[in-house]
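Each in structure tokens, the structures are laid out below.
Both of the next two complexes hold subunit A, though its partner changes from subunit B to subunit C.
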Partner chain A sequence: MYEELLEDIAQQNRLREVNTCTKLTAGVGAILLCLLSASFVAPLFIGLVLTLTLLFLARVDPATYGKVFFGPLLFAGLGVGAIVLLAGGEGTFWSWQPLPWFSLSVTQASINQGIFVFSRVFGGTSALLFIAFTTPMTDLFLVMRRARLPEEVLDLAMIIYRTIFLIMDQLVQVYQAQLMRLGYRSFRESIRSFATLAGSVFIASWEAGEDLTRAMEARCYEGKFAVLGEGRPVCLPSAAAVVSFLAVSAWVVAATSHIRLV
Partner chain B sequence: MHIMEGFLPLQWAVFWWVLALPCLAFGVIQLKRILAADREALPLLGVTGGFIFILSSLKLPSVTGSCSHPTGTGLSSVCFGPWVTSVICAIVLLFQSLFLAHGGLSVLGANIISMGVVGPLAGWAIYRSLRGTGVNMYFTVFLACAIADLCTYIVTSLELALAYPAEVGGVTSSFVMFVGIFAITQVPLAIVEGIVLALVFKYIVQLKPEILVRLKVFPEAKIRAAAGDA
Partner chain C sequence: MSRIILEARDIRYRYPRGLEAIRGISFHVRRGEKVALVGPNGAGKSTLLLMFNGMIKPDSGTILFDNSPISYDRASLRMLRKRVGFVLQNPDRQIISPTVYQDVAFGPVNLGYPEEKVKEAVEGALARVGLTGFGRRPPHQLSGGEKKRVAIAGVLAMDPDVLVFDEPTSGLDPSGSEDIMELLEELNQQGKTVIISTHDIELAYPWADRAILLLNGKILQEDVPDVAFGNPELVRLARLSMPTLLELYLELERRGFRLPERRPRTVLDMLNVIDRAFRNKPCYTQPGTITLFDIDSLRDADISGWCAAHPGIPIGAMGTRAKQRAADEKIPLDFTYGVIDKCILKALLGEHSLIIVTGSMVGRVHERVQAFCRENQVEIPVISHSGDA
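Entry: the complex of A and B
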């Protein structure tokens, strides 16, 4: 029911003190390189480097990392299966045409495309997790403010962020109470309990919002939140490491564009 | 239902971002208008975003045996309108990708279009067309939420089909395949989400009808009458 927020890990990891822009450059740069790649090799390389960085430098728990990775890869597997069956191309291994406009086949080209898409998801998800596991949202708000995101959007984002933690505790308490009273015993009971849970959370959220309004008015709120954060300076070793990683990755993207597995 | 990071090729990721940005810009203009008229609306919009995030991180009981996540955008669209919902949804999608590893950054544009624009617009259209009629209030909310969820999943399938057309039958054939695969979980999920959010709505009517009166979701007399009946 209650999933562990990656934010909790981001607050404690060993790369927490590294400059936010440096980490974002590594993560977003890696995502872009994965998308620019024409072969499965570069995203695989990028994914492996970032995974090892998270496990050995940031010291993220391998079990947690594996659990978080499993969801996207399961969805990717389902999607990739469809791509392999539909893409067609040269070197047919198996084919079936139930309708004139609908054909399923497994070909050399479609397997290659499936592997390529899967490795791109692997590389992209690793890069996303690199940002998620190493950079707390509070640091990102500071970057967003500097990037001149509209004030209203930033304020809304910060209130949403605070509310999540505010109502999470209550949600867990209500859910545990429902669980202890066999609220999720049957499908019908589950629907009823879930609706009560969501309804009570909605009302609690609303009341929290009203309390927040009163508190903000009492503190002379003028339509702009103060964003407090530490502006960590760019550290030369970490910046050099990111530049080297991106340069090597770009070289791998260019050098391996012709490589196919099958 | 989210497309995960890296699944869409670069050109399609850019295409959906380009399509999502004007929608978000329009949403921000609407948001500014609401806040200029009523400054108190900001915390309330904020907690709604928090509620959508929490709701979408809960696993919904599903008849197929698996568990899925509701979107919650239908209820937000009914309460605040589709464009403000698109801004809230964009923020929630960003948080989901960074807090829960659901979705991604390059595919955020595609996910905003499916979950934050088309889904809420469809739900809102259903709600607006039934609001003034004699159709039961809870049934209206059920339909709006279920249709919003269904449209989200149909548009996601279309996004995948456009990126990966089939050799025989092109985009149509690919769309049928993706819709077919995801229908196993998404159709029951949309129905269950509609039922759950209609029950949530009933719960709010019973305990805190003034929220719905303030938001002018339905005529006050109708809400008061339903609260009295409950």
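Entry: the complex of A and C
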């Protein structure tokens, strides 16, 4: 249940009170700079800065951060391994041809390529997690409305957000009840249990939908979903910090474009 | 007697699948009353409640709000639902929006209030249920009691005249239930008519002005709680149990003790009954005093200073804002519910006590203490604090 976990952390992080747009600018700007960079240095730099910000300013628990980061990083590691072995190119260090039509080699170009991809993943993931860990969904709704997203889409998004947690509860309860009665003992049993789980949660969500309609009706619904609360105003120190972070990162991108590891 | 605000005239209702849920019910509720609908599962309590705000239309008979029959067109229903606020049993079914602020704002926004007024209504409602500062929290992070309060705030934000609660204390821990009943009492003191349905007669018994026993879609009995719950035959029929205090009283009566006329509704009343029963006349030491701090008329009164000057004195708070104030000033509270009675109990032991109270509850303290003193020929001084320590 990472979603729930992430959302709860985001609700409580120390940067919660910073203006949402400021945080989004930092995150999205960082992702763009990672993509623009021609060298592995800039994404590493960006990732490092954002990770330190998360750990020391937002006070995200390092173990949790590590756990969430591990997934994408593992995936990237596998991908990079494949790139290093298969990309080929100049300056061969090692090669092996097990089959006539298939060869593996480690070259200068492939190592550079691999490192570059890996650092981009690192930088990009940090930026994405920076947004996820500091900005709860409830604050993003405000930005979405400012961005003139159609009302219908936004209202639906808000109802879905609220309902996810209700259905998640239901899901966990049914799952645990099945587990207690040995519902996942064997493979065949698991498939059966999973099917009934899906069925009962479907019915529960259907009922929740009907209840929702009634609740809205009872509270004078007239096509308006509530206005959002107020966002936090942009404050100078955080805005200045984001601008200087992006400026320094942009400079790093420009200055290090020719640097290669090997 | 105040005006009738809700009235049912011979209403009947049959569910689509054929079960007749309401079988000819007539009764009325007066403005400012506290009414408890009590009955077993399937008695028709919830169905009846849902008729009060037009969610269910009776098959025959009429429901009158403010002396005019409810009409079921969209616009009238909206006005009715603004004036009759309904709090569902399960707050998760009632809370719609992703944050507390948005959810409480739902009603006011749909009533077309301007933004400033919405904000005012939301903040007012949150303050009244003691959830100031919870605006940006998502509902799934709240406790059961807090969710219930959010649901109540969502209804209060529309400023209804009548509040209808379906099982207000279901799923709450005992202390949470007491808190909710205190809140209902407070809202009633502020002039709201409150109607609840419940199985929990121990909570309904001391709280309600009037109890209506329902069984199989009919009214079995309708009276003040000590009469409505005092008939063992009816209570058994309605699959309820008699409130412990009432049962004790009846047992004592059966054993031939001479008891006061009024049946006990609280532990204090019961103590008085026992006292009479065994000594035949009350015997008291010189009673202690009850000091009142009205936080509304004495905004910057030095409560903590006063408490420091009177160490060891038991302190109670009545009203959400009074409790908030005590929490703000870090004053440890000994009583948070049933406060007046507990302070009278202290006074009867010759001890002094302090009640921090909101403006709307001051009158109630005086009334209750005076009534008790009159009945038992004792003198318990209630001192309204003047501001200086």
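Definition applied: the second predicted complex is superposed on the first by the 238 of 262 C-alpha atoms of A that agree within 3 Å, B and C clash if a C-alpha of one lies under 4 Å from a C-alpha of the other, contacts with A are read in each partner's own complex, and residues count from 1 in each chain.
Heads up, the rule we're going with is that a contact is a pair of C-beta atoms (placed from the backbone, for glycine too) under 8 Å apart; a residue touches a chain by one contact, two chains touch by 3 or more.
Small disclaimer: the values here were computed from a predicted structure and weren't measured.
After overlaying the two complexes on the shared chain, residue contacts for A:Val243 are found with neither subunit B nor subunit C.
In the superposition on chain A, A:Cys21 contacts neither subunit B nor subunit C. Contact with subunit B, but none with subunit C, is seen for A:Ala82 once the two complexes are overlaid on the shared chain. In the superposed model, A:Cys34 lies in contact with subunit B only, and not with subunit C.
Partner contacting the larger number of subunit A residues, of subunit B and subunit C: B.
Touch criterion not met for A:Leu55: it reaches neither subunit B nor subunit C. In the overlay built on the shared chain, the residue A:Val106 is in contact with neither subunit B nor subunit C. Look at A:Leu166: by the touch rule set out above, it reaches both subunit B and subunit C. Once the two complexes are laid over each other on the shared chain, residue contacts for A:Leu212 go to subunit B and to subunit C alike.
Of the two partner chains placed by the overlay, only subunit C lies in contact with A:Cys220; subunit B stays clear of it. Under the contact criterion defined above, the residues of subunit A that touch both subunit B in one complex and subunit C in the other are 7, 137, 158-159, 161-162, 166, 208, 212, 216, 221, 223.
Every residue of subunit A that touches subunit C in the complex is listed here, in rising order: 7-8, 11, 136-138, 141, 158-159, 161-162, 165-166, 208, 211-212, 214-229. Taken together, the subunit C residues at the contact with subunit A in this complex read 53, 55, 78, 81-82, 86, 88, 92-99, 101-103, 105-107, 109-112, 115, 118, 135-141, 154-155, 158.
Those residues of subunit A whose C-beta lies close enough to touch subunit B in the complex are 1-3, 5-7, 28, 31-32, 34-36, 43, 68-69, 71-72, 75-76, 78-79, 82-83, 85-89, 97, 101-103, 105, 117, 120-125, 127-129, 131-132, 135, 137, 140, 150, 152-153, 155-164, 166-168, 171, 184, 187, 190-192, 194-203, 205-206, 208-210, 212-213, 216, 221, 223. Those residues of subunit B lying in contact with subunit A across their complex are 2, 4-7, 9-10, 13, 28, 31-32, 35, 39-40, 42-51, 53-55, 57-61, 63, 87-88, 91-92, 94-95, 97-102, 104-106, 160, 164-169, 172-174, 176-178, 181, 192, 195-197, 199-200, 202-204, 207-208, 211.
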